[in-house]
Amino acid sequence: MIYIQRKERFSAAHQLYNPQWDEAKNDEVFGKCANKNFHGHNFTLTVTVKGEINPDTGFVMNLVDLKHIIKEHIIEAVDHKNLNHDVPFMKGKFTSTEVLAMEFWKILQPLVRDFGAHMHCVRLDETENNSVEYYGD
Amino acid sequence: MIYIQRKERFSAAHQLYNPQWDEAKNDEVFGKCANKNFHGHNFTLTVTVKGEINPDTGFVMNLVDLKHIIKEHIIEAVDHKNLNHDVPFMKGKFTSTEVLAMEFWKILQPLVRDFGAHMHCVRLDETENNSVEYYGD
Amino acid sequence: MIYIQRKERFSAAHQLYNPQWDEAKNDEVFGKCANKNFHGHNFTLTVTVKGEINPDTGFVMNLVDLKHIIKEHIIEAVDHKNLNHDVPFMKGKFTSTEVLAMEFWKILQPLVRDFGAHMHCVRLDETENNSVEYYGD
Amino acid sequence: MIYIQRKERFSAAHQLYNPQWDEAKNDEVFGKCANKNFHGHNFTLTVTVKGEINPDTGFVMNLVDLKHIIKEHIIEAVDHKNLNHDVPFMKGKFTSTEVLAMEFWKILQPLVRDFGAHMHCVRLDETENNSVEYYGD
Amino acid sequence: MIYIQRKERFSAAHQLYNPQWDEAKNDEVFGKCANKNFHGHNFTLTVTVKGEINPDTGFVMNLVDLKHIIKEHIIEAVDHKNLNHDVPFMKGKFTSTEVLAMEFWKILQPLVRDFGAHMHCVRLDETENNSVEYYGD
Amino acid sequence: MIYIQRKERFSAAHQLYNPQWDEAKNDEVFGKCANKNFHGHNFTLTVTVKGEINPDTGFVMNLVDLKHIIKEHIIEAVDHKNLNHDVPFMKGKFTSTEVLAMEFWKILQPLVRDFGAHMHCVRLDETENNSVEYYGD
C-alpha cells in the first residue's frame, strides 16, 4: 500500500452563519466570519489516494488523472464562486472547512475507485494557519 | 539608507467589474473575477520602509510600530470584509490589487513619516502566483 | 471523526546539554547545539484536534478558541524566551523538540477536552528541515 | 513513541516509460513525462523515524545522524543524476515517485535501526503539487 | 507606474557544459551540473510587467493575458523538456539560469508591449536557494 | 548586467538592548526582544550579486563559489551562535537585522569582487514577516 497526493487551489467567498440563529448569536459564535457581505480565501485542497503499485506503470494511479478528476468535479464548482450561493452541493450546508472536506470526499470517492485506487484523506487549508483533514467514516 | 519589511495578511471577498459596462462586457473582460456573488482571497501585504539607522536602537524604525500601523489602519479595515461594500476608502473604486496597493500607500505614507522613515514599496499578493508592487509616484 | 489544525509560531533561544556530562561529552553528543551561550530558532507549532462536527456550527471546535488556548498557554510562555531558563514547565528538562512537543501536549490536552474535542497531534518544526510529531501515549 | 522528521533535497533528471511498450503507448500513458530526452525535478525527501525518547539526550535519535544517513546513502546517489541511467539501485525499475520512495525505504530501514529507531514514513515531493508517502509493508 | 507579477512553473532537464572544453575542464568548472546524462529542476519563472493603470479596468494589464502569454510562448516550449536538446531558442546556448532568463525576456518583451505594458524583470528560480533576475539592457 | 542570488540559513540567539539605557528603558523600546536571557531565530540570508555574463560559462559567477564564500565567511561565524557574545565582528554593535545586514555586506563585498562580480543586495529575514534589505551606500 502506498499513498499519493495531489494539491489544487481555489479562491472563493463564503460566510459562516446558522440561519436558525439571529444576527447577534451568529456574531457571537462566528465572529468576523459571519460578515453578511462575505469574506474569502485562497483554499488549498490536498487529496491523498492509496493503492497498490501497478506493475505496468509504477503508479498507484496516474496523478494526471487525479488532477483532472479534482479539477473537473471540485475546482470547476468552487473556484471564484460564493460557497454559500453558487455551489449546488453546498446548498443548505455550513461552508466550514470541515463540511467542505466531507462533501469533497463524497464526490471524489467513487471517481477515484474507478481508477482502481481508494480515497485516503481530503485536506483543506483555508489560511496558512487553519486546516482540516477528513479520512472518511 | 536601508530597507525594512513587514508582512501582514488578510482574507477578503471582492468582485471585479466596471459599473459602466453591462454584464456581458464585464464577463468578457474580468472573466470569473466578475462573479456577482463575489469570490475571495487570502491577501498578503508587504510594506517596505526606508531610512537611516537610528544610532540609539540599530533600527530604521521599530518593526513592532510598523506592524501596529499596518494592523490598525489597513488590516482592521479589510480583513474578513467585502472590499466592494465594507471598506470606506475603496468606495467607487476598482478592487484590483493595483488600486488596493495604491490606496494602502496613501494611508501608510504619512503614518510612516511620523516615525522618521519613508515608504518605499507596497506589495500585495492576491494568490501565490499573482502580485503587484507600487513604489509611489 | 474529523481533524482540524491550528499553526502558531514562536521564537526562542535554547541549549541542548546533559548536566550530568562534562563539556567535552556534551559537545560530542550535541555538537553546535551545546553552545553554552545559546542559539535559537523560529519554531512552528501545529496542533491537531479531532472530534465530531457540531450540528449547530459545522465546526469540530472553533479554531479561534483553539488559537486562544495555544497562544495563552503555550506561546505566551515560550515566545522570545530562553527555553532553558525562562519557562517554568521546562525546568530540569531537555529542551529538545521531542520533549517540548510532549510537554505542550500535557498542557493542551485538558484545555481542548473542555471544548468537547480531543488532542490528536502536536507537531513542532524547529527549522524547515527538522520536526517532530507526538500523538500521545 | 514519538516521530522525528528530516527533510533533504535533490535535483535529478528522469523519464517515465515502460520498455515493453512502443513509443505511442508510452506517450499515451505517461504523456510528456515520457520525453526520451528526459525532464527533471527538484525532489524533496522527508524521512520520518519513530522511537522512544532516550533519557540521556531527550532525542529519539540525533537528527544530525539521520541527516548524515540520508545524505550519504540516498542524496549522494541521486543528486544531479539521471535516475534512469546513473543510479545502481534504480536499474531496471520505473523511476516514478512511488518506486523511488519504496527503494529509499529499503536502503534506510536497516541504517535507522542501527541507531535504535524505526522507519515510519518516506515522503517524496516531486513538484509542489505531487507527492507520495510510503509507510512500509 | 505600477508593477504586476505572474509566477509560472516548469520542470526540465539540462546539462551545463562548454563544448569547446574537454570533459575534465567541464567537470572542474561545472561540477556535478556537467553530468552528461543530465539532471533537472522544477524552475519557477516570475515575470514582472510595469505600466499605468487602465482607468476602465483598474489593471496595468489583465494577469490572465500575461499568464496566457507566458504559458503559450515559454512554458509550452520548456516544460518536461531537455533544455539542451528540445528547445529551439536555446540551441547552441548555455542553459544556465542567466541565459534562460535573458532568452525569456527577448520572447516576452514584444508580446507584453502589444498589451500596452512594459517588461520590468524576468526572475528564474532553479532551486529554493539559487535564482537570477534580469531587467533588460 | 544580470543579478544572481544565493540563499543560506542560520539559527542564532540574540538580545536587543542599548547598554547606555537602564532595563526599564530597554524594555520600553525593545519589548520582549530585550529579554536578558536571549531569544533566537532561524535567519535566512539572501545575497544578490550582479555582473556581466562570462561568455565561457554562461554565469555571472558560479553560485557554488558564492555559496562557499557565504558559508565560510558568514554562516560559520553566526550559525548556532549567540550574536551578542560569540561573533567577533558584532562586538559592541546592535544585533538588529539592519546592522547584521550591513556587517555581512562589508565582509562579502571584497570577496565577491575577487570573482569579477559586484555586491547588489544583502537581505536578511528574521521571521517570515520581518526582513531587511541593504544595497550598500
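All chains are identified by letter, namely A, B, C, D, E and F, in their written order; residue positions are counted from 1 within each chain.
Just so we're on the same page, contacts are C-beta pairs under 8 Å (C-beta built on N, C-alpha and C of every residue); 3 or more make two chains touch, one makes a residue touch a chain.
Given the structure is predicted, the values throughout are model-derived calculations rather than measurements.
Listed by label, the chains that touch chain B and also chain F are E. Looking across C-F, D-E or A-D, the pair that copies the B-F interface, with over half of its contact pairs the same by residue number, is A-D. The geometric centre of chain C is 28 Å away from that of chain D, both derived from CA atoms. Centre-to-centre separation of chain A and chain F, using mean CA positions: 41 Å. Residue numbers of chain D whose C-beta contacts span two or more other chains: 128.
Contact annotation for chain pairs lists A-B, A-C, A-D, B-E, B-F, C-D, C-F, D-E, E-F, with touch applied as defined. Only residues 1-8, 48, 53, 56-60, 62-64, 67 of chain D touch chain C when the two sit together in their complex.
Listed in rising order, the residues of chain D touching chain E in the complex are 9, 11-14, 32-33, 35, 37-42, 79-82, 85-86, 127-128. Partner chain C is touched in their complex by these residues of chain A: 16, 18, 29-31, 93-99, 101-102, 128-135.
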